[in-house]
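In what comes next, chain A is part of two complexes: it sits with chain B in the first one and with chain C in the second one.
What follows is the complex of A and B.
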């Protein structure tokens, strides 16, 4: 009788466990109002860009009408028109959608490659680690921006997918290095050794037991990479080595400013895109910083 | 310490080798050959063929690679096909412009970043500190080309304070005071733009270093000896925190090279970054390969410099 009571009681008693990853992040965002604001506006802006861009007919948008050449912002075009009389607002929305899609794909792809390589090299160490560290060192010391530009110009049948692949080839290195160094110290922990003695397979240990412990680091890394990739894609498109000219991108819109006449007399052509890039970068980075703080117990605000 | 430096240089050699191999393979994929620029409609195809055989166009790839790298070591990168001058001459002229721009940028960078970092660290958690941290966050997030364009638009076009493109006013004769001033004036806005963008690293490093050293014993000793607080900061703390900043110099060079592609394109400055974009657009492959190789070499040199300075400043990281 007494025994069952005790069991009942222990069932009722809530064991307080340390807050898990997402709870900690949520708490940090509740505390930092600016980060919360950035996160919400990012979700709203990105969501509406995707929905809006989906409604826009791209061939209609890119049709040239010389009567509207460099039309000022007004009734017909809210943000005016470019040299070919094409609506800037429509190009801005579609361009933002394209830039974001590329940045997201590159982030996911490099994140995946970086995590797999980082975890495997960090866990096994030894010669595997040595080989990959040499490769990573090499990638870090080459002028990757220039080599990306060269690749973009010499690849035949260039399209968006190839652009994403070229960028990813040079960008997985940072993630791999960060994950590797954390995995290296994690692999010497007791719980890993215990699991090894129990005969758990290496890959089960790496991906089911070790990876969850690196998840917060991974989220931070991916968020900051996302911001970096938005910057890099728009930068490359600005220089003319990103998306093909017929596909609008935020960078191409900003590159209208390289024509001094447009820069001086038609600010509506390039300034909105430049400001949108600026705001996106600030918001994503700020969210990234907040997540980074929450991943480090000493820096937490919440 | 010499052992560390020599080891570090030895590590650099295979990296350079792999980089040159990568560039060589890239160059092989580029259309055209070293004679594309020399061919005119009157050139006899048989003569071109003869030149190609003579220059080893049909040799096995490893022979070509050895010849190419051998020539590169002697400063012979072939001829530019759009400018029709030797690549080395072309780059030499542009490199000087980029060098001036970089020197001023680095100078301004330290001029802005060090005081801000010191102030933020010293008055930690004050409003001033928070403003500086916010500033360093904002410049960290802004892409180079966006800030470059906005600066050019406001200060160059709207306010008219700075020239909007070029390296020097053509009305001045080389060597006069007006010439030097005009050159400086053209460099100023791009250099400020670059310096602003690069401040984040130095500010954050100095700030956290100073905050950490506040509670260290040597600072407490200095304070308890009755040394004026200003002197403790300027003599004791700053001197200790400043040395590692020197190690940033290597990374700064790397950043400058990548940044120069954007900054020089935006400000119409005739440096190596702009030359690279022109060469890509004109499909001037001998210039492209030479520039990528040069930038790669300088990037490696930058990280070598950082490591050497670090190993001098902080003996703990020396490899043994």
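What follows is the complex of A and C.
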């Protein structure tokens, strides 16, 4: 029984087939050692941050103890303490968790909105397309960073969820535009027409037939957006318009460096967070570039 | 012939495209009928409105830029007036379509089996199991070896001929009464062409469907069609049973077309060509004989002022009167006025 199965399996294997999407991506990563290293370190860092942060009690962590003010790295605090005597390492882990959660949620949310709107407008064209493109033009012309800052100051009681929503309102337009332009050309292809002649409904065509054909573009767009969103969140928190002070984030940790005294004498307050941001951004970008190359046959290394 | 035999009746169909706020008719007053168990060939040069005719029937045009007027009667319903969702019930189930380029007409990311299954999902109440059986049956019917293996493959893994067979399998999956084949053999090489045409004829014999075969290849017409409609500049200029058309072509355009096919036993080294080009939509004169410009040696008096179709023998219709006085430029003669 097992034998025949093995023979069947080997028969299947012999039918040579060109590599599928994931095989191409895997091959690209095998070829590009830097991207492979980035991918592995990303997985390890993100994984350990989430597991570790899950075991830390945030209220306990943020309790001020003046006796430990600006304690140097040592036995009690591996990475020292800040002005309020709070453990930097704990803040780093929880802060990274918060920053990543925000970046991931914003990426998924804007990705979802952008893809749906982009596909629908690109497919139907006509007045639907016109209306949405004007809305998108409007969002692009207004200075979104300023408006996010204004929103954050106006909204009385905000938490991670509201922050995610405020960011998402302004960030879906880029994805929508990219997807729409590709959907526009894809929807005029013959196989879409062929499917129409079978009596397939419009929305089935859009999401079951057209979307898989744009998947490579989607993956690239989402990965690069992710890096951008990490940067945007930490930037806002650095400026003091991100998360509330009681919630640590990578940006708030880096912003300790705005105090010249800490900048000079307590490097352990801001350097680890800055390095972590650097590592995350570089790694995400290298991974994103490798995926982008694998989506474009002319640029592939593997 | 009785009325029951008529599958599809088109009355005075005008399909116009909008160019700078004016509609220009690419199909200009076409009337024809398709009967059960018949292959009706629509022949003409590029840009004469053949494909527009096909897309009008199945409603596959850009609704923002196209205007369709006239009647396309199927089962007592005017397809030209149907709303999109009603039309979706007809598409696939009653009318199947075969496309010109078999690669671009298949979704590159869906397995062959799934693509054939699609129509069955919308139009039948078959279970998953029954659909699978039907898919394999269809693949076998269109002459694909190893149907169960092919059903799991992707379009790029098949050859051109196989892909076109798959397209045909998709088109006939719900046993439609009408099949519209828009240049089904253009993208294929000659040996495969013959196989595909044989397959079409065979399927038609089995199912009794009416086929509208759109082509510019007169060889294909002679081999497969029962009746032929010759189109020029959006109008039907000649309609006849296939034997009659090849034996007694009347209209100058039909004769020129036939004359321009290279003959195997001909000693003429130069190919015969038709002067000029099909006039563009915008510049097309909408009065008089539309072919007059391309046979300038025929005096203007030979043409009708408003050319209509005349029945010259049973079932053989010719537009305009100029055919009576037509002769090729190289030869003398033709009936004097």
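Keep in mind that, in the parts below, the second predicted complex is superposed on the first by the 285 of 302 C-alpha atoms of A that agree within 3 Å, B and C clash if a C-alpha of one lies under 4 Å from a C-alpha of the other, contacts with A are read in each partner's own complex, and residues count from 1 in each chain.
Heads up, the rule we're going with is that contacts are C-beta pairs under 8 Å (C-beta built on N, C-alpha and C of every residue); 3 or more make two chains touch, one makes a residue touch a chain.
Just so it is clear, the structure is predicted and the values come from calculations on it, not from any experiment.
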Item to complete: Answer with clash or fit: chain B and chain C placed together on chain A by superposition.
Response: fit
Discussion item. A:260 in the overlay: touching chain B, chain C, both, or neither? Say first, second, both or neither.
Written reply: first
Item to complete: Tell me which partner A:95 touches in the superposition: chain B (first), chain C (second), both or neither.
Response: neither
Discussion item. Tell me the contact category for A:282 with respect to chain B and chain C: first, second, both or neither.
Written reply: first
Worksheet entry | Touching partner for A:122 - first (chain B), second (chain C), both, neither | neither
Practice prompt. Kindly classify A:196 by the partners it touches after superposition: chain B alone (first), chain C alone (second), both, or neither?
Written response: second
Worksheet item: Taking the superposition as given, does A:231 touch the first partner, chain B, the second, chain C, both, or neither?
Response: first
Worksheet item: In the superposed model, does chain B or chain C contact more residues of chain A?
Response: B
Discussion item. For A:111, using the defined touch cut-off, is the partner it touches chain B, chain C, both, or neither? Pick first, second, both or neither.
Written reply: neither
Item to complete: Give me the angle at the C-alpha centre of chain A between the C-alpha centres of chain B and chain C, rounded to the nearest 10 degrees.
Response: 100
Worksheet item: Taking the superposed arrangement, what is the smallest distance in Å from a C-alpha atom of chain B to one of chain C?
Response: 13
Discussion item. Going by the contact rule set out above, which residues of chain A touch chain C in the complex?
Written reply: 15, 17-18, 125-126, 189-191, 193-202, 209, 212-213, 215
Worksheet item: Which residues of chain B touch chain A in their complex?
Response: 11, 15, 18-19, 22, 26, 29-30, 137-138, 140-146, 149-150, 152-153, 157, 164-165, 257-258, 261-262, 265-266, 276-277, 280-281, 283, 288, 291-292, 295-296, 299-300, 303
Worksheet item: Where on chain A does chain B make contact in their complex?
Response: 137-138, 140-143, 145-147, 149-151, 153-154, 227, 231, 234-235, 238-241, 254, 257-258, 260, 263-264, 267, 270-271, 274, 277-278, 281-282, 284-286, 289
Worksheet item: Any idea which chain C residues touch chain A in the complex?
Response: 58, 60, 63-64, 84-85, 88-93, 95-97, 99-101, 104-110, 118-119, 122-123, 149, 153-154, 156-157, 167, 170-171, 173
